[in-house]
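One structure is given below, represented as structure tokens, and several questions about it will come after.
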Amino acid sequence: MPVNKIVETFEKAVSDIPDGATIMLGNFAGPGGTPFYLIQALHKQGAKDLTIIANTAGGIGLTLDFDDHRILFESKRVKKVIATFPFSTSPKRPSAAEKLIVAGEVELELVPQGTLAERIRAGGAGIPAFYTPTGVGTVIEEGKEKRGFNGRPYLLEHALTADYAFVRAYKADEMGNLVYRGTQRQFNPIMAMAASITIAEVDEIVGSGEIDPDCVVTPGIFVHRIVKVTEDPGFPRHLETNFQVKDGGAR
Amino acid sequence: MPVNKIVETFEKAVSDIPDGATIMLGNFAGPGGTPFYLIQALHKQGAKDLTIIANTAGGIGLTLDFDDHRILFESKRVKKVIATFPFSTSPKRPSAAEKLIVAGEVELELVPQGTLAERIRAGGAGIPAFYTPTGVGTVIEEGKEKRGFNGRPYLLEHALTADYAFVRAYKADEMGNLVYRGTQRQFNPIMAMAASITIAEVDEIVGSGEIDPDCVVTPGIFVHRIVKVTEDPGFPRHLETNFQVKDGGAR
Amino acid sequence: MKERLSREAIAMRIARECFDGAIVNLGIGIPTLVSSFVPEGMQVTYHTENGALGFGPVITPDEFEEKADIDLTNAGGQYVSPLPGMCFFHHADSFAIIRGGRIDITVLGVLEVSEKGDLANWMFPGRGVGNIGGGMDLAFNSKRVIGATEHTTKSGKLKIVKQCSIPLTAPHCMDMVVTDIAVIKFTEPGLVLQEIAPGWTVEEVQELTEPKLIVAEDLKEIEL
Amino acid sequence: MKERLSREAIAMRIARECFDGAIVNLGIGIPTLVSSFVPEGMQVTYHTENGALGFGPVITPDEFEEKADIDLTNAGGQYVSPLPGMCFFHHADSFAIIRGGRIDITVLGVLEVSEKGDLANWMFPGRGVGNIGGGMDLAFNSKRVIGATEHTTKSGKLKIVKQCSIPLTAPHCMDMVVTDIAVIKFTEPGLVLQEIAPGWTVEEVQELTEPKLIVAEDLKEIEL
């Protein structure tokens, strides 16, 4: 019997997430690649004492305003955040996370972006720890083992894993194989590999074999639940095309 | 001025490789994914005292006979080989490498396959060293640092890099972006990232923009020279198709 | 001489360990045969070290002309067939899958296994050399490691021993071994004889097994 | 008050550091403007942390309707345009490119740089918090780190100092800084004043620079 990974609603897809869960979520500077329907469903579900692992802490205000994981901070569901860009770029509009972090109500682990990506990748790859040059001689080295290889100093960094990953992709097939669209990809594929249960929010679900196996980015074995986006959130997007531009021709 | 990466002949593509070079080459159990025209050109060119990093040491005899890197061992061009499957599976047909290794004329560094892949990946990713569980309590742990993380023991393993990588791909565009066909992919993409100069042997060279940017596996910045295969070596292959099979339909 | 199970029967017994949704990696030799005996309709996804998931059976000689392709092979270099929903990835991702603990069952050949669950299967007997390949990563990191082997060597040497005499693939990794005369589980107190080939007695199996076997309360004949 | 170079002029001067085949990562702010001034026909490949290489310019307001797409943005969240030969990859591969030393030039904003080549640009002044983002990996691992900044803060505070007063992005990483009045190289003996804005004297630049400047033998006016 084929395993059915397709879940009808975002609510159902996140219904079993317990208090205290660690959740990775795809996210960068704008809405592209953020699974915000899953985030909104989790917000509604009410799980608390969460640890969030993501590029930002939500609401950084670099692009459009939209309900990303900022709402989890606003409603005090987050205990700890591991991020690289947790603060709003505008001092006049501090994010919900910033106020909580400064007040000591949310613990922040601030990580260089490449180290964050590599720690997540290591988590998915069964590598418990690795050395990286980034951060030596800065505040990042505090409390970390420093060690020389070939005459250059490096820091020991540890893998990150999660109970759940919320990923945003373009298409899923019924096996859970995922492809991404442009820079939507960002952290999503490595998070999908680093979590016990990965839930994918996608624009389209196709039959097995509809995706070219040479083009699959996330193998289906990493994806446990698939939910299709049915609303149009109204962001600028041209879903009917990819980003292929031929020499001399227009898109 | 666009940088021209296309080289007319395999001979020209390998002409500058000096004695003593470290070379990674894509290779698994059969001919798929092995850049054997580059290997043959290097053999003709004559560089010696080479260090070869590859899955096998050539001529393992699991599938068809063909001139892979076995010929570099036969003609004594190799000083050291870092491999995971260096010996023929048939004791009656020991490979050239086996005889030289047993005689002490070629140094062998025998590495578990996952550790080999991860060391190469680390080399390309600027990670000097990492911990892996594989090999603890076996001969592989000899001389290595052992360390516990979360109650499990791990070994410290070091990155591998190379002066040159010979990779086999399906298509390249003029920028050097590569896509692979099926299990041809194997070690090729991670080797492309771990070498100072990567030379790609491909079935087809297309214009910039002819490859869907969401499907590129090896970004062009990792590929310095591209050579097109013009002969048909006669292996079973159906180049006109990919491996996409739709549900219910034939290939 | 008593009848022993065929290589196919060993594979058939191991196939019964599979389940819907299982991710399975099959080693070279008897293990490769397992996929032929997984019930039709059961969704088992095969993984191969050289970077594929969800591929189909090894192609038959009849299919060679139409289907054999050097760019679609398993870890043993055999040509396999494509299936809808399969996918490809590079070697580092392939072993991320293994090391990351995503393989539910790996079936491996056996030269020796010890009562502590150590596996030795990479060093060629008598040649002083060997290929490690992907077996070490599989043995260390899979959820279940199942051995597939004849109970003794062709010359009658014991393979299930107190202490392995050749270099290990991985210590304490074995979950179960299926041989041509028995199914044995590796547990904390020791080796448990779970199933026995038709016509064989516990004493006869014990005679060909160096460590003392614990006989399961529900010992039964091997069902295929 | 003397005239200083505009933000565009700073970007224009930095663009002259590019070359055919260069892999370039541009930070937020003045750095982003650099790509507009790279000569047409020069093959510069831009990298962005969020996983793209070889994309085109930031789209103009006129192009918004037709081209803006949330799935094609740079590290600053700006919409960029597609180009033939571009490609996408995930974040771990994106930083493998950076950490692996493939970025020829990174252009970063500056809060402070020290005479030892230390860069500090991530902690928001006066807020006690900051975003590290991708800048730390870029500063540590790029072949050349070029700073793009006004020579002093809006309130006149010096930015080129003996010792940084705020948390570092990376020590000893700077190769060159281009300001609105000077081009300065970081060398072993110290800061070398290479170029100077039209109408400015060495003494005037020195006055706004805390460490003692070494004046290049071939000191010249900044050419754009």
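Which chain is which? They are A, B, C and D, in the order written, and residues in each are numbered from 1.
Here is the rule we use: a residue touches a chain if its C-beta (ideal position, glycine included) is under 8 Å from a C-beta of that chain, and two chains touch if they have at least 3 such contacts.
The structure presented is a predicted model; accordingly, all values stated were derived computationally and were not measured.
**Student:** Could you find the chain whose CA centre sits the greatest distance from that of chain B?
**Tutor:** So the farthest one, by centre of C-alpha atoms, is D.
**Student:** Once you find the CA centre of chain A and the CA centre of chain D, what distance in Å lies between them?
**Tutor:** One centre to the other, that is 28 Å.
**Student:** Could you give the separation in Å between the centres of chain B and chain D, each centre being the mean of its C-alpha atoms?
**Tutor:** Their C-alpha centroids are separated by 37 Å.
**Student:** How big is the gap, in whole Å, between where the Cα atoms of chain C centre and where those of chain D centre?
**Tutor:** 56
**Student:** Residues of chain A that touch two or more other chains: which are they?
**Tutor:** Correct list: 118, 121, 125-127, 132-133, 170, 180-182, 185, 207-209, 211, 213-214, 217, 243-247.
**Student:** Check each residue of chain D and list the ones that touch at least two other chains.
**Tutor:** Within chain D, residues 52, 82-86, 88-89, 92, 95, 98-99, 141 contact more than one other chain.
**Student:** Going by the touch definition at the top, which pairs of chains touch each other?
**Tutor:** Pairwise, the chains that meet the contact rule are A-B, A-C, A-D, B-C, B-D.
**Student:** Applying the document's contact rule, which stretches of chain A touch chain C when the two form their complex?
**Tutor:** Within the complex, chain A touches chain C at residues 1-3, 121, 124-127, 173-175, 177, 193, 207-209, 211, 213-214, 216, 219-222.
**Student:** Mind pulling up the chain C residues that touch chain B in the complex?
**Tutor:** 48-52, 64, 67-73, 75-77, 79, 82-86, 88-92, 94-95, 98-99, 124, 126-134, 136-137, 140-141, 167-172
**Student:** Contact residues on chain A for chain B in the complex?
**Tutor:** Its residues touching chain B are 118, 122, 125-133, 149-150, 152, 154, 158, 170, 179-182, 185, 207-215, 217, 242-247, 249.
**Student:** Give the list of chain A residues in touch with chain D in this complex.
**Tutor:** 28-33, 60, 62-63, 84-87, 89, 91, 98, 101-102, 110-115, 117-118, 120-121, 132-140, 170, 180-190, 217, 235-238, 243-247, 251
**Student:** Please output the residues of chain C touching chain A within their complex, sorted ascending.
**Tutor:** Within the complex, chain C touches chain A at residues 20-21, 23, 41-43, 45, 47, 52-54, 82-89, 92-93, 95-102, 141.
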